[in-house]
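The letters A, B and C name the chains in turn, as written, and every chain counts its residues from 1.
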Amino acid sequence: MQLDRDTLAESYRRMATIRAFEERVGADSLSGLIPGFVHLYAGEEASAVGICLELGANDWIGSTHRGHGHCIAKGSSVEGMMLEIYGREGGLCGGKGGSMHIADLSVGMLGANGIVGGGAPLAVGAALAAKTLKTGGVCVGFLGDGASNQGTTAEAMTMAVVLKVPVVFVIENNGYGEFTAVSYHSGGVDLAARAASFGMQATKVDGSDFFAVHEVAREVIGKARETGMPAVIEVAVNRWHGHFTGDPQAYRSAEELALVRTRDPLVLFKTRVIEAGLIPADLFDKIDGEVAERIEAAARAAIAAPVPHVSTVTTDVYVSY
Amino acid sequence: MAKKSMRTAINEAIRLEMRRDPTVILLGEDVAGGQGGSADVNDAFGGVLGVTKGLYTEFGPGRVIDTPITESAIMGTAAGAAVSGLRPIAELMFVDFIGVCFDQIFNQAAKFRYMFGGKAQTPMVMRAMTGAGLRAAAQHSQSLHGLFTMVPGLKVVVPSGAYDAKGLLIEAIRDNDPVIFLEHKAMYDLEEEVPDEAYTIPFGEANVLREGKDVTIVALARMVRFSMEAAANLAKIGIEATVIDPRTTSPLDTDTILESVAETGRLVVVDEANPRCSFATDVAALVADQGFKSLKAPIRLVTAPHSPVPFAPNLEDAYIPNAAKIEAAVLSIVSAGGRNAA
Amino acid sequence: MTITAVTMPRWGLTMEEGTVTAWLVPVGGSVNVGQELAEVESSKLAGTVEATAGGVVRRTIIEVGATVPVGTLLGVIADASVDDAEIDAFVGTFKPVEVAAGEDESSKPKSVEAGGLRWSYLRSGEGGVPLVLIHGFGGDAAGWGFIQGTIGADQDVIAVDLPGHGNSEKTIRDGSIDAQADAVIGFLDALGIDKAHLAGHSMGGGIAIGIALKAPGRVASLTLLAPVGLGDGINTEYLKGFVAARKRRDLEIVLRQLFANEALVTPALAEEIIRYKRLDGAQPALETLLAALLNGQAQRAQYRDKLGAIKVPVAVIWGAQDRIIPPEHAVGLPASVRVETLAGSGHMPQVEAADQVNKILRETIAKA
C-alpha cells in the first residue's frame, strides 16, 4: 500500500525521535545523569513505528522493559518520558516508574514491564476489554525472544486462542535474551512456528525494513480487528546496544558487532523514499534537525526539573485511601 | 429476613453487581463448567464448590468466562482488562494456586497505580478459597492472607460469614483497586440473615462482635466463630472478652484494635495461618508498638504451627486452632474475675 | 394450683428470637401480676417481660446471655405450695404455642407498587377502619412492634416503610413533608384504603398531618407522637450524627439521645440500623430527607396554625424527656387536640411507654 507523504514524514520523524531519544538517554545514563539502568531500543525503530502506524486511539499496546520506542511510537510525549527517565517531577509516572515501568494509558500504552513475560497476559486482558466493550479496538502485545519462553506467554497465547480476542503478539526477536543467544535460550526452534502451534496465524518479517513491517502489520492487525481473533508477528530486529547501557557485549563477536548496525532502519527508509522521489532529502535533514533540537530541549528540561516531592513516596498506593 | 449460606451470599453479590454494571465480568476455571463436553452442558458446576452456579445461564459466555487452566493468564487477563475498562472478577479457585501466577498479582496488578504515577486504576477482584478443614491437605488448604497483606497496592478481604461476605464482595467489585477476596471453604454452608438487596461494608472497618472488659480477641474468617465460642465459654467463668473481626487485613482497622486493648489491657490474636511474619505477628507488633502502655499481660498468639497443612484428619484437627486453644491462651493471661493469671 | 409459663415475647411482627439480658426476680422470689420479671432484647427492641400471674418464681430456665426463639419457655411462676415434681413435669412437657415469625405468612413484609416505587409494609389484624403507622426519619415499620403487636389483636393495622427506609425502595424524589404526604396517599390508594386512622412518629407525624390537611376525607383520626411541624426546634446534631455514623459504636452514642432510658440502645439495635444504612441507596435517601427536613437549624414544615382545621379526633403524645424535638411544642395547641405528655419517656414513646401509647391510640380511634 502506498503511504502518503505526510504519513511517511511522520513515520520517519517517529523513528528518528526514538533513535535520538535512545542515544541521548544512553549517553546520560553512562555519565550518571540518569539513575538506575536503561534498556535501549535503538536499531529496532521500524518495528515499533511500523506496527503502531496501524493502531489508533482505541487500540492498546503492551510493552517490554525495552519500551521507550513503543511509547514514542504509540504517541507518548517525549518530554514527559524524559522527565520520567530522569526521575523528575512531572514525568509520565511522576518519577515513580522510571525507564522499565514507563506507561501512558492516555495513549493506550499499558506500560513497559520489568518482568520478562509479564506483559503478554495483560495484552490479552486489554483485548478482552475491547471485545466486551465493543470498542472496535485491538491490542498489540510486544514481547521479546526471551519472553517467548516464559510460561506466562504460553498461557496468554492459549488464553487468547480460547477466548477468541483481538490481540496481536509481536515477538521482537533481537537475537539475545539478556546475554544469551536465542539459538541457545530457545533451543534453536522457530519462534513464529512455536507461537503458531497455539492455534494462531504467525508471520515473520524483517524488522529493519519499515515498509515490510508495516505491510505485515496492516494485514495481520487488520484481520485481527475484522475477525476478533489473535495472531502473531515475529519481527527480526537488531539490538544496537547491549542488554542495558554499560553492557560490554563480550558475548558478541567482533564480526557480529561490525555487522549489527549495517542495516539501519532509518537509513534504509530514507534511501528508499528519496530514491522513489516521495520526500526530498532536505526534508529529512529538516526533520533530523527538529528532532535533535526537541530531544536536546527535553533532556535539558529534565535535568533542570525539580525532583518529585518526597511526600509522594506514599501517595497513589491505593485509589481510595 | 431470609437466612442464606455464604455460598448463596457470594453468588448474590456477583449476580447483583453483574446486573448493575455491564463492565463486570467473571472469569476462571470452570466458573460455569462443562464447556465442550459431550453432554453439551455449559453450566455444569458453577465453580468446584458451586459458588458461581447459574451465573452463566443469566449472563452468558461473554461475561461468565470459563478459562483454560492457566492461572497466570487468568490473573493477567483480569489485570489488563481492569486497566482498560472492565471490572473483572478473576477466580483462582484454591488460593494455594497463587504460586503459579503471583507475578500477575503482586508485580503487575498491585503496582500499576503507583508505578504509573497514580494514572492507572485496576478495579479487579481475585476470589480464592482459603483455609483448612476439608481434608484437602498441603496444597489445597493454606491460609495465605498474610502473603497478600505484605504487598502494597492490594486490598485483602477475609470475611467471617454470609452477611459480611456479600457486603464486602460488592464493595470489592466497586473498589478501584485490586482486591484479594478470600473465602473460607469450610464456611460456605454456614447460614446468616442476608438482605436480598445490594449493600456494601466499607473496607478497614472492624466488626466488634462482642464487648467485654477483660481481654481482646482479634480473629479472622473461621477463627472468628471459634473465638466467639471461646468467649461464650469464658463468660461462664466470669471472663468477659471483646471479639474483633477486622474483616480486611489491608486496610487494617488499627484504631478499633488499639482502642479495645486500651480498655481490656490484654490481647489474644487468633490466626489460622502459619505463625511467622503473619497477620498474628502483625497485630501483636501493632499493639506492642502503639499500645504497650495499655498492656497488663503478655500478648498471646493462637496460630497454626509452622508446618504445612497435614492430611490425616486427626493431624489436620490438631493443626487448626480451636476454641479450646483460644480459651487456654486467654486463661494464661487472665483468671476468673478479670485479674492477671498467676 | 396453676403453673404459669413465662415465655419469650414477640414484639412486633418481625421478631423471631430474643436474648435474656437479666432476670429481675431470683428463683424463689415473689411476684405480682404486671411486675417486671426479666429484661429481654431483640435485634430491634429491648424491654421487660412482665409477670402474667402472681406467685413465686420457681424456675429461670433460660440463662442470661442466651438467645432463644419467640415462644420459648423462659421460666415458671407458681404458688409456693406446688410440688417441684409438678413444676418439672410442666417444664418437661411445655410446648411453645406461637409459631416462629418467619413461618407465619401474615408476619412477613408485603409489598405494593405505588407512585412508581416499591413499598414494603407489615399488615396484621382484621376488621375496622385500618390503622396506618408512619415511622420517623431513619425508622421503619418494625419499630412499631409494641403498638402493632397489641392493636393488631383487635383490628387491621398497617405499618409502612416509607421510601428510603426499611425494605421499601430507596429512591426519594422529593423529600419534603408535603411530597411524602402525597406519596403515602398514593400508597393508601394502591392498597385500596379509602379511610384510615393515622399514627405518625416524628417525621411521620408531620406526614400524617399533611395527609389530614390534603385529604381530610381519608383520615378517621390522627395520633401524633413527637411530630415535626409544630415548632422550629429540632436536634440537628442528632439528625446529622445519625446520617454521618458509619460504625456501630458511633451510632450507639447518637441513638442514646432518642431514649430517656439509654440502656434501650443495644448493640443489636445499632447493628440493625447500620445494616440498613449500608443498603444501596439508603445513605443518599437519608441525606436527601435531611436536607428537606431542615431549614438551617430549624424545621422546615410548619403546621401549627393549621392543626385546628382538622375535624377528626387528634391526639398528640410527647415524651417529657424528648431530646430530639422539644416537648414544649405540645403546649398551646388548639383545644380540640388531646395532648398527653408522658413522664419517663424520650423521643420514642412507642417503645418507652408503649402501654400508654396503645391506650391513647385506642381511645382516639374509638372517638372517631
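Going forward, a residue touches a chain if its C-beta (ideal position, glycine included) is under 8 Å from a C-beta of that chain, and two chains touch if they have at least 3 such contacts.
Since this is a predicted model, take the numbers as computed values, not measurements.
*Asks:* Going by the contact rule set out at the top, which chains touch both chain B and chain C?
*Replies:* Shared contacts of chain B and chain C: no chain.
*Asks:* So which chain ends up closest to the centre of the protein, judged by Cα positions averaged per chain?
*Replies:* B
*Asks:* Quick check: how many Å separate the C-alpha centres of chain B and chain C?
*Replies:* Centre-to-centre distance between chain B and chain C: 38 Å.
*Asks:* Just curious, how far off is chain C from chain A if you go by their C-alpha centres, in Å?
*Replies:* Chain A and chain C have C-alpha centres separated by 69 Å.
*Asks:* So the centre of each chain is just the mean of its C-alpha atoms; given that, what is the distance between chain A and chain B in Å?
*Replies:* Between these chains, centre-to-centre, one finds 40 Å.
*Asks:* Counting only residues that touch at least 2 other chains, which ones in chain B make the list?
*Replies:* None at all.
*Asks:* Indicate the residues of chain A shared as contacts by at least two other chains.
*Replies:* Correct list: empty.
*Asks:* Please give the residue numbers of chain B that touch chain C in the complex, ascending.
*Replies:* So the residues of chain B in touch with chain C come to 163, 167, 195, 197-202, 205, 208, 211, 232, 235.
*Asks:* Could you please specify the touching residues of chain B with respect to chain A in the complex?
*Replies:* 23, 25, 62-63, 65, 67-68, 70-86, 88, 100, 103-104, 107-108, 111-121, 152-153, 155, 175-177, 204, 251
*Asks:* Where on chain A does chain B make contact in their complex?
*Replies:* 60, 62, 91-97, 101, 103-106, 110-111, 113-115, 118, 120-130, 132-133, 135, 139, 151-152, 155-156, 158-159, 162-163, 315-321
*Asks:* For chain C, which residues count as touching chain B in their complex?
*Replies:* 65, 246-249, 267, 275, 278-280
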